[in-house]
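Same chain, two partners: chain A is paired with chain B first, then with chain C.
And then the complex of A and B:
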């Protein structure tokens, strides 16, 4: 609260200074200035409000399960049990581990595809392409960024999923894994592919900006030492732009973690814990990331225990995304300090 | 030896160009695929017919289109004044102290919150009985005293929260890009600081603010998660019928409906409707709307020299 006061105090200071300059300080101005201050405080308080509300709704499930909420699996079965439990004896047992694993697997997979591809595209756009090719590529990136997630989901469902079903799945594999889960093409791999192209434009745009911001002298110095153009780019320009590339990656990660609709369309919707011991089938496992779980099970949200479980998914997502934002801020200020800007 | 040394370099170059080629192919592929599968659906009837029309008429997307328009209008008209106030405070009044730093961190964290979390937050908040005036009260269930929590109004507020950090950031940049000579000239003429900000700075930043608004609108139009949870999955206006009569407008806003994105989701094989053709048609319309908005941004920023992308 004293942070608010200190701003108000500073404002008061500037006001008294200004009122010395001009004898008339209309009351209207003070009203507007207080209004914008309170709206600023409100928008900063919004994040706290979101935390409080969602924690409050999720609290019954968190209290009932404790730490086992994030260490046990079997979400589908638990939702089923909770849905058919009698109203006077609700079921509060939930475990989100397979959902967290789903989020982690799809996000990491998408980053593995999108970061190299995005940085490569950014290099071409900002260092090599010129004229109309550059303009064309920039508008392609903007278009990719503007396509809504539901359309990515639709195209993924109509193109990527059938492709996986027809080319990577055989009846033998399906029978072999039927005891664990049903393989239908809706899989982690489809999710990873769809997600990569959703976060690619973010990573490309921020990397391209960072690469463009590297001073010309760096390139000139390197070229003057006889280094080839490509080596200059990979050894001098890209390392100098790495904080911007990192920022793009973090933003992309945030988007990948929070993506709900597209993934719920292509990922399969079964909360299976993917296992590396399955070899290649690991990628064909149907998964259910946290955000998609909220969309997928939202029809059952009228049951109080399921509602609380979905809010618990929200709590985990909120913690992940806040951690990412704060970490970015910390990295940013560390970089600035090292560069002597602060 | 030298050749071997450069082999890696050319490989890297080839890979980079390959990434570009894949990106371009995927982008054009998505658009082309939507066009090939959807162009047959799109016609004047498709846009002007209701989703569940009287028998003998083809189903259309009129109410989702109106729904998208309503949600966008509500969201932006809540978010813009709010975001402008915050942007003015942060850029003109706050300075560089600790309080301003914490405000910025809070808004940055808000920017990173997934839309689905904002959606369930809206559900938790607007299901409270005290917010019943924004949707409707749940009736007919024994012992339940809470609001329905799903309506156009609620969805508009959710959208406003989602785009707020983005609009704040872009408006702040637009305000910061106004040369300080403008402010000095106004202050030297005896205008107060607020007068200067409201009449000179904001007016000079108007193109940047317009760009920010349109980009924010694009985000609202493309969002599905918030609509799915805060507007529900019904495919028609559920307020008093007929919904287009002025007397029923408020009632329509307090009830549920559809937007283009939920229409696509509903009609995709993942949804209950499962009429992929309609989903492709609606996708084409959605893409067209977004491209139109992007074109408007291009026109604005082509006239504007102070805002660079």
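And then the complex of A and C:
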């Protein structure tokens, strides 16, 4: 111990690290390590502070409603009542179920469309396209991933909504359902289509990178064993790339859950709980996702109870995103365990 | 010779004495310029002991201030957005924002018209009054003496006229910067009260609950606006009664063929809570017929006049309500009880759906914001309002 310490002192190295257990690091490295550590701690602290702040702002509504906050519907009417309530009798009842259903329906629908399409495109780009075509497709995909959401919203408004209105709706269906909601083309389906376009590039880009990162030896070994090219791709390469594909999916889902502006333009903006009893019209129902609700109702934010309710929407969104991260980790470790830490 | 000199001198002295005794009420060739333009008045200004007196109307027109004449007390009050001046005819003591001041020359009545001292009133309102003896001209700078930043926000109804006025004032002042945003009347109230906006715009009156929460909020009315009920131009329906409008918007009438149109569903467009236009429509079209009425739950709520107009312009079976100033050829405004939705019918009071336009400040505004507010009530400001389709104060 003494010899180590004297050696350390000779070389101008940090004394505190000079012990039997840890190796001797130069002072400069320790400085950088501590700096990065403190920045990481700062970032984590900021995220926690944001969560705490939003929770604090939303607390009055959460306390007033309890669990019924996520099990009751009728958000539009509640905001209207809260806005016109007299100052001495504020309204604190809110139910976010239709909003949660709107977010869940549009996000799950978009994933169902975008994940197979994205992985398929990634396979085409990485395995089947050659040379300049591959480079061209990759740059297009990356460009698409960077387009601002409001552009997708505009395209949805100008193209997708009229398409749905003119091809999937008839006057009779519109009249029949007018007692519940307006079938004008602004619908869950429009939201799903717009969201799929939005998250497809992200999923494709990350999946393509993951597939390209699979070592050549895997493919060579499989082909050498006589497995056909397609089965090599589906049974060897894609499973090997699944953590990257999962990462792309999670990123895409995160973007889909939080999308406010584009969905605000195409989803209809009415907090309706879509019902399967309506059959096909289930997809044509106008919905209001959580993030769009915050955008649409922000004009009424001068009323404290509505402000707290919108923060409560934010809390639910944060919980959904956090749940997503945790679930992803759990799924990944479960799959790994099943495959024997492969 | 000496006697002639003495007589001439005496005569001259007499003339001069009598001349000064009658007071210097000369028919004046003095010219008054406000912000670079010459003031033209039906009655000429009057100069007394070196002080220029002008008819009261010059003050109200050129400063956009509210003037009041009380016959009983002979008191004149001049109120601009930032300052209050009170004069009494014949009295040399005046009040400016509550503080007593002494005048050199009192306000007076000449031929039934009230004349007030120009420099005193102008400077009390915050203007820059300068007399150029060489050209015998009074140069006043009020709206052309603005420098700094003004932030304005709130009602999307008032937004176009605020932007028009901002454009005019920025043209007159190179050091002036004005930002105008929307966000709805609710945000206008909140923003003005919090100080986020120097001037908040609201296309409705401030509610009692808001006055209770923000006690130092001051409201200045700048005009009014009519609400038009609009349908798609391809819709054959051109006229509705007030009862029909009520029934459609509350969901009792659901098919266009019930009001003389095609067999098609009626898609109602409305505004999100917080909109002054919605408040005005609720008050005049819904609650005026049934105090418990409410717009149908399936109505699509939009966040601005522009978006409602777009929804109606693009949807064949839609109906909505927008500020009259937003109506253009992309939508069709229906007549209500046979009264068409025009500016003339709104001014005359025949058109049913008219609401106030207010600008709000936290306490009395600072001079820069006050000048912006005063501009709305000058002839140029009124012209800007009328051009945008709004109704100026009568």
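Definition applied: the second predicted complex is superposed on the first by the 284 of 342 C-alpha atoms of A that agree within 3 Å, B and C clash if a C-alpha of one lies under 4 Å from a C-alpha of the other, contacts with A are read in each partner's own complex, and residues count from 1 in each chain.
Heads up, the rule we're going with is that contacts are C-beta pairs under 8 Å (C-beta built on N, C-alpha and C of every residue); 3 or more make two chains touch, one makes a residue touch a chain.
Since this is a predicted model, take the numbers as computed values, not measurements.
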Message = By the touch definition at the top of the document, which applies to A:319: first (chain B), second (chain C), both, or neither?
response = neither
Task = Identify the partner contact of A:159: answer first if only chain B is touched, second if only chain C is, both if each is, neither if none is.
result = first
Request  = In the overlay, answer first, second, both or neither for which of chain B and chain C A:200 touches.
outcome  = first
Request  = Report the partner of chain A that touches more of its residues: chain B or chain C.
outcome  = B
Request  = Answer with first, second, both or neither: which of chain B and chain C does A:213 touch in the superposed model?
outcome  = neither
Query = In the superposed arrangement, does A:43 touch chain B (first), chain C (second), both or neither?
reply = first
Message = Touch test for A:221: chain B only (first), chain C only (second), both, or neither?
response = neither
Request  = Go through the superposed model and pick first if A:268 touches only chain B, second if only chain C, both, or neither.
outcome  = second
Request  = State whether A:120 touches chain B only (first), chain C only (second), both chains, or neither.
outcome  = first
Remark   = Check: chain A residues flagged as touching chain B and also chain C 295, 301
Of chain B, residues touching chain A in the complex = 6, 9, 12-13, 15-20, 22-24, 26-28, 30-31, 33-34, 37, 82, 85-86, 88-90, 93-95, 97-100, 102-103, 105-121, 123-125, 161, 164, 168, 190, 192-195, 198, 218, 221-225, 228-229, 261, 264-265, 268-270, 276, 279-280, 283, 286-287, 290-291, 294
Query = Where on chain A is chain B touching in the complex?
reply = 3-4, 6-7, 10-11, 14, 18, 22, 25-26, 28-29, 32-33, 35-37, 39-41, 43-50, 53-54, 56-57, 116-118, 120-121, 123-125, 137, 140-144, 146-155, 157-159, 197, 200, 204, 228, 230-231, 234, 254, 257-261, 264-265, 291, 294-295, 298, 301, 310-311, 314, 317-318, 321-322, 324-326, 328-329
Message = If we count contacts the way the header does, which residues on chain A are in touch with chain C in the complex?
response = 76-77, 79-80, 83-84, 86-87, 171, 174-175, 178-182, 184, 186, 268-270, 286, 295-297, 299-303, 306
Key: For the chain C and chain A complex, residues of the former touching the latter   = 183-184, 186-187, 189-190, 208-210, 212-213, 254-255, 263-268, 272-275, 294, 297-303, 315, 317-318
